[in-house]
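The chains carry the letters A, B and C, assigned in the order they are written, with residues numbered from 1 in each.
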Amino acid sequence: MDTTSGTDTRIGRHAHVWRKKLNIWWRNFLELLGELRKHPLAMLGGFIIILYLFAAIFADQITVHDPMAGNLRNRLIPPAWYSEGSWEYPLGTDAQGRDILTRVIYGARVSLAVGLISVGISVIIGLALGTFAGYYRGRFDSVVSRLADLLLAFPFLIFAIGMMAFLGPGFANLILALTFKGWVEFFRLSRGEMLSEKTNEYVEAAKVTGHSHFSIMGKEILPNIIQAVFVLATLRIGYMIIMEASLSFLGLGIPPHIPAWGSMVAAGRDYMLVAPWVSTVPGLAIVILVLSINLFGEGLRDILDPRLKVEG
Amino acid sequence: MTRLNLRMFTILMVLAVIMAACGPAATPTESIPDEPEAPAPADTQPVEAIPEGGGTVVIAMAAAPVSLDPADHRSRESETVIRNMFDGLVTRDNTSGVHLQLAESMDWVDEQTLEIKLREGVKFHDGTEMTADDVVFTFERIINDNQIEYPEPHTSPRKGLIAPLESIEKTGDHSVVMHFSGPWPPAMQLLVHQQIVPKAYIEEVGTQGFIEQPIGTGPFKFVSAQPGYEEVVLERFDDYYGGSPDLAPAGTACVEKVVFRVIPEASTRVSALLAGEVDIITAVPQDLIPNLEANPDIQVTTAAGTQPKWIELNVNQAPFDDVLVRLAMNYAVDKDLIIEQIYGGRAVALPGPLSPFNNFANTSLSPYPYDTTKALDLLKQAGWEDTDGDGFLDKDGETFAFTIDTIESWRPLAEAVADMYRAIGIDANVRFWEYSVIKPQLQAGERMAWLDDWGDSAFDPVGHFEAKWHGFVADTPYGRGNFSGYNNERVNELTEMGETTPDETERHTLYDEAQQLVYDEAPAVFLLLPEEVEAASVNISNWAPASDSRQNMHDVCKSE
Amino acid sequence: MKAIKVLERILATLPIMFGVAIIVFFFIRLTPGDPVDIMMGQGGAISTGEIEQLREEFHLNEPLHIQLWYFLRDAVQGDLGYSYVLKRPVVELIAERLPATIELAMGALFFSLVIAVPIGIISAVRQNSLLDRLSMSGAFLGISMPGFWLGIVLILVFSVYLHWLPVQGRISVGIELEERTGFFVLDSLLSGNLEALKSSLLHLVLPSITLGAAVAAVTARVLRSSMLETLRSDYVTLARSKGASEWVVVMKHALRNALIPTITVLGLQIGILLGGNMVIETVFGWPGLGRMVVKAIFDRDFPLIQGSVMIYAFIFVMASLIVDILYTYLNPKISL
């Protein structure tokens, strides 16, 4: 222990420990960034993700038009690069005269929120159940594993569609529908990892030295599992975003008056022949975001967990 | 082959065999065989003068028929297909009104009794001759309870359209007498919408057999249909008696085959027409008209509309229980702008509860003008003001918010109207439903605003006015489509009188007063009446869309 | 011995199907909304007497567990109930629409294999070449595009602008085809109907590409990575040293072993093929099971939804089972 002032009090000592931990984390983070520089595509992906996040958070400040208010006189104006378009509506307007760029930016809120929250909850549930099941085994494990198998019998989209049909449109319902099956993957992953980690020496050592089960799980094993889980999570966010868009496209996701990319594409179908941008532009927003997430996630995986690499 | 490959091969072969064996057994409704499977008429050899033309006409509709049983539906699409397979006692021509079809003559013996002489030599598609027995059977099947036994016994949903018919009796092989409960002026108009079905056949095969293989007296006979009626194939009936002699061309149909196909998305319908996959399309949205008009191989026609659109407001629930609010809702909508932008000018604003083309429309009424100042003023009088500066009106701490329920087809209209309400500070949103799902909720008075239409194709208030604006009375046709909960004693009275008063001038007076009352009390936001726009390829001739959605395929010819 | 293991595996799916049936049943029964209202919503004015009749007929007045019993008992006998809206037995409706969905799934599978296998192999053999980088980027794109968007874009390009391919549907209107199996391609071959064959194949192109894109992307990547592994393995080096030609080395040795994880992954992709087809069928107006289910959901046609979801689950479980079995036979080292 070092003798800098403030360490004689208990709070002082805790603060000191935490400061050290923060330092370590910060250094790890910088190291990560350094590594990332070797993967230009992943960096590009990360940059775009930040751009989307920025747009979603500051939507009110950076947009000029109202995403919900239409003006019939401005219906179906083409994007700026067409001869009839103008820079007032850079990506054109939809059938109600609403600015598409504005709605795409607001739509980012929905997609990002749904993606992050549903994956987040799935991770928490899956991780918790998986570590417990893998560690303790026994009845708990078999019950939850059976349940997971059962849920796996349904193709994802069908399950989600079915649930949304019964729950009705709505943000909370959407999250519920997506996480209801979403946790299974994380459960299996953490359980598998737990099973293999459990046999390692450091676990035996911890047991011998009298650590409680809880602290073994939490302090020793968990950090090793988290990396794999984290990598899977980043890849799943893109998938959840596509799921949300598909549900909204079918009319089973977000209520129609809230701008969401999927429902924007669906609404634009009627005008495909005269105004193809109404459908294609929001879809493009989805593609770019998901592509960036996938690229970033892949890069992350390369760095954190080289043994999972798909590349040679 | 190695052991491995042989195994894989066997497995795949087994799978292939299983899949082939598991194919559905051919049923008459599925396959499209070369020979017609329907009980063939005795002489299917074409009569000597084969009409010029022939060919197959494909029509794309926006929604599927729900039934091919003339007594078991309430949908336009069903009637469209049905009226090509089944004829009625009378029919209506687009321009010249009602004409006799299966009936040779109809005479009112007195105010309540109608004597009908039936045409002789009319054949059903199975070769049997139509007689008075069939006519009696047809109508008794509609007006008596629980006559339709498939899938469960139920009453014909078309009963309300001929409610005053009390009984019908046979007076000869080709004559019947109809007894009505009272004078019924719109009788002819409404009899157009009922078609004759074969008694012996239905009694033999039951309703189930009947809808699997319908048999009628119309110019086309049934060939096949896909599940859900997404595609219905009809073939010319060569023994057709010719149709109404008043309406040329008489004789058998010009084309040989008619296919009704369902393509719900408008742009897909239009693409299909442009690609030559279909010959005729209905319900063309105005945005796509220029595409079609620019094409020299396409003809675009319009007909006066018969589906007026309004938003019914729930008069039993706040805030729409206040007439001032309802009037404000009418003043807040810029109908002209909507007509100009969404309908390309092809619509008229509704002056009141009835279509302006209805023979009994109150001509003194004119549409509520667009006046946001007046609207806000009325709302203020009702207690709604924006006191907290959030951009929305509120009253007693509650924001003025509501949802417009509607079906997907009216999306552009609903969203445009919702936008206009938001512009004056009402938090209006739109929600889309399937009609069958929301209907029970509407009937129970659980929704606040319902945007839809109700067919007004008889040009007579009956069939429409009493359904919409009369208070709801269970087990009667009154208020069967009344989703606002509007119930005005005087209006009810006038409606009932209007149905049974034979004198035209008197009917005008009665209905005028009723319309004025409904207009003043505004249980709905009266929106507009769009024209029916349809398009066809130029090698289709003798085709004219009718305002009652009838697709008269009998007249249509196709050249190659 | 393997046969018994296979049988065991098959039997193990039964409890899963049972569980699926129960889950589906409860979901439906617990939804707000009166089923009788929905059935009545189709007609016009219905008398109150008929409503009671319907309640009796559909056992709606009985307690929940009795209803469950009726449901299970009927389901086992192959009776999945009656569609409220279409008024026909659910099993019949599903049987009529299923071939269309399966044909589409097979088309997508065919497309993805045709694309993924060669690309996977060549990319591994010529690692880091331009082709390799391009195809891996393409693979990324493949999993990042939502099916509904890709379908719309393909329609815009190939149907609306270029007029090369049809816009929607399974076959052009007016072409007569004798349906024996319900698989249009097969039926046109069986009846020698060339016009129908051409039309049905053309109609299959865009939907198959759309549905198969994501599967192709994943399969290509997995095949490539497993090929890379096997190409470095001992027995391949051995084969090379014995003087075997490169072609034989690649195809016979490396590929055979690389196929194993690929097939596993392919099996997992069946979920995408089955789930994704609801969206694809909606975009392309494909008259299959997926589109019927979506419409049934909006119509609140519970028996139809119930039956269809169960069939989907059943197919999925069966497909996974078949993949498992194939996997076993392919890899003699592994027993079930």
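FYI, a contact is a pair of C-beta atoms (placed from the backbone, for glycine too) under 8 Å apart; a residue touches a chain by one contact, two chains touch by 3 or more.
Computed from a prediction, not measured in an experiment: that's the story for all the values here.
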{"item": "Chain separated most widely from chain C, comparing mean CA positions", "value": "B"}
{"item": "Core chain by centroid distance, with centroids computed from Cα atoms only", "value": "C"}
{"item": "Geometric centre distance via CA averages, chain B-chain A, whole Å", "value": "47"}
{"item": "Distance from the mean Cα position of chain C to that of chain B, given in whole angstrom", "value": "37"}
{"item": "Distance between chain centroids, defined by C-alpha means - chain A, chain C (Å)", "value": "26"}
{"item": "Residues of chain A engaged with two or more neighbouring chains", "value": "251, 269, 272-273"}
{"item": "Sequence positions of chain C contacting 2 or more other chains", "value": "160, 298"}
{"item": "Where chain B touches two or more other chains at once, by residue number", "value": "265, 271"}
{"item": "Chain C partner contacts - residues on chain B that touch it in the complex", "value": "4, 7-8, 11, 15, 19-20, 23-24, 26, 30-34, 56, 58, 66, 72, 74, 145-146, 150-155, 157-160, 226-228, 230-231, 259, 261, 263, 265, 268, 271-272, 275, 277-278, 433-440, 474-477, 480"}
{"item": "Chain B-touching residues of chain A, taken from the complex the two chains share", "value": "68-73, 75-76, 95-96, 169, 251, 255-257, 267, 269-275"}
{"item": "Chain C to chain A touching residues, read off their complex", "value": "16-17, 19-20, 23-24, 27-28, 30-31, 124, 127, 140-141, 143-149, 152-153, 155-156, 160, 221-222, 224-225, 228-229, 232, 271-272, 274-276, 278-279, 282, 293-294, 297-298, 305, 309, 312-313, 316-317"}
{"item": "Chain B residues within the chain A interface of the complex", "value": "265-267, 270-271, 285, 287-288, 290-291, 337-338, 340-342, 408, 411-412, 415-416, 418-419, 422-423, 429-432"}
{"item": "Touching residues (chain side chain C, partner chain B) in the complex", "value": "33-34, 37-38, 40-48, 50, 53-54, 57, 82, 85-88, 93, 95-97, 99, 102, 159-160, 163, 166-169, 172-174, 176-183, 186, 285, 287, 292, 295, 298-300, 322, 325-326, 329-330, 332"}
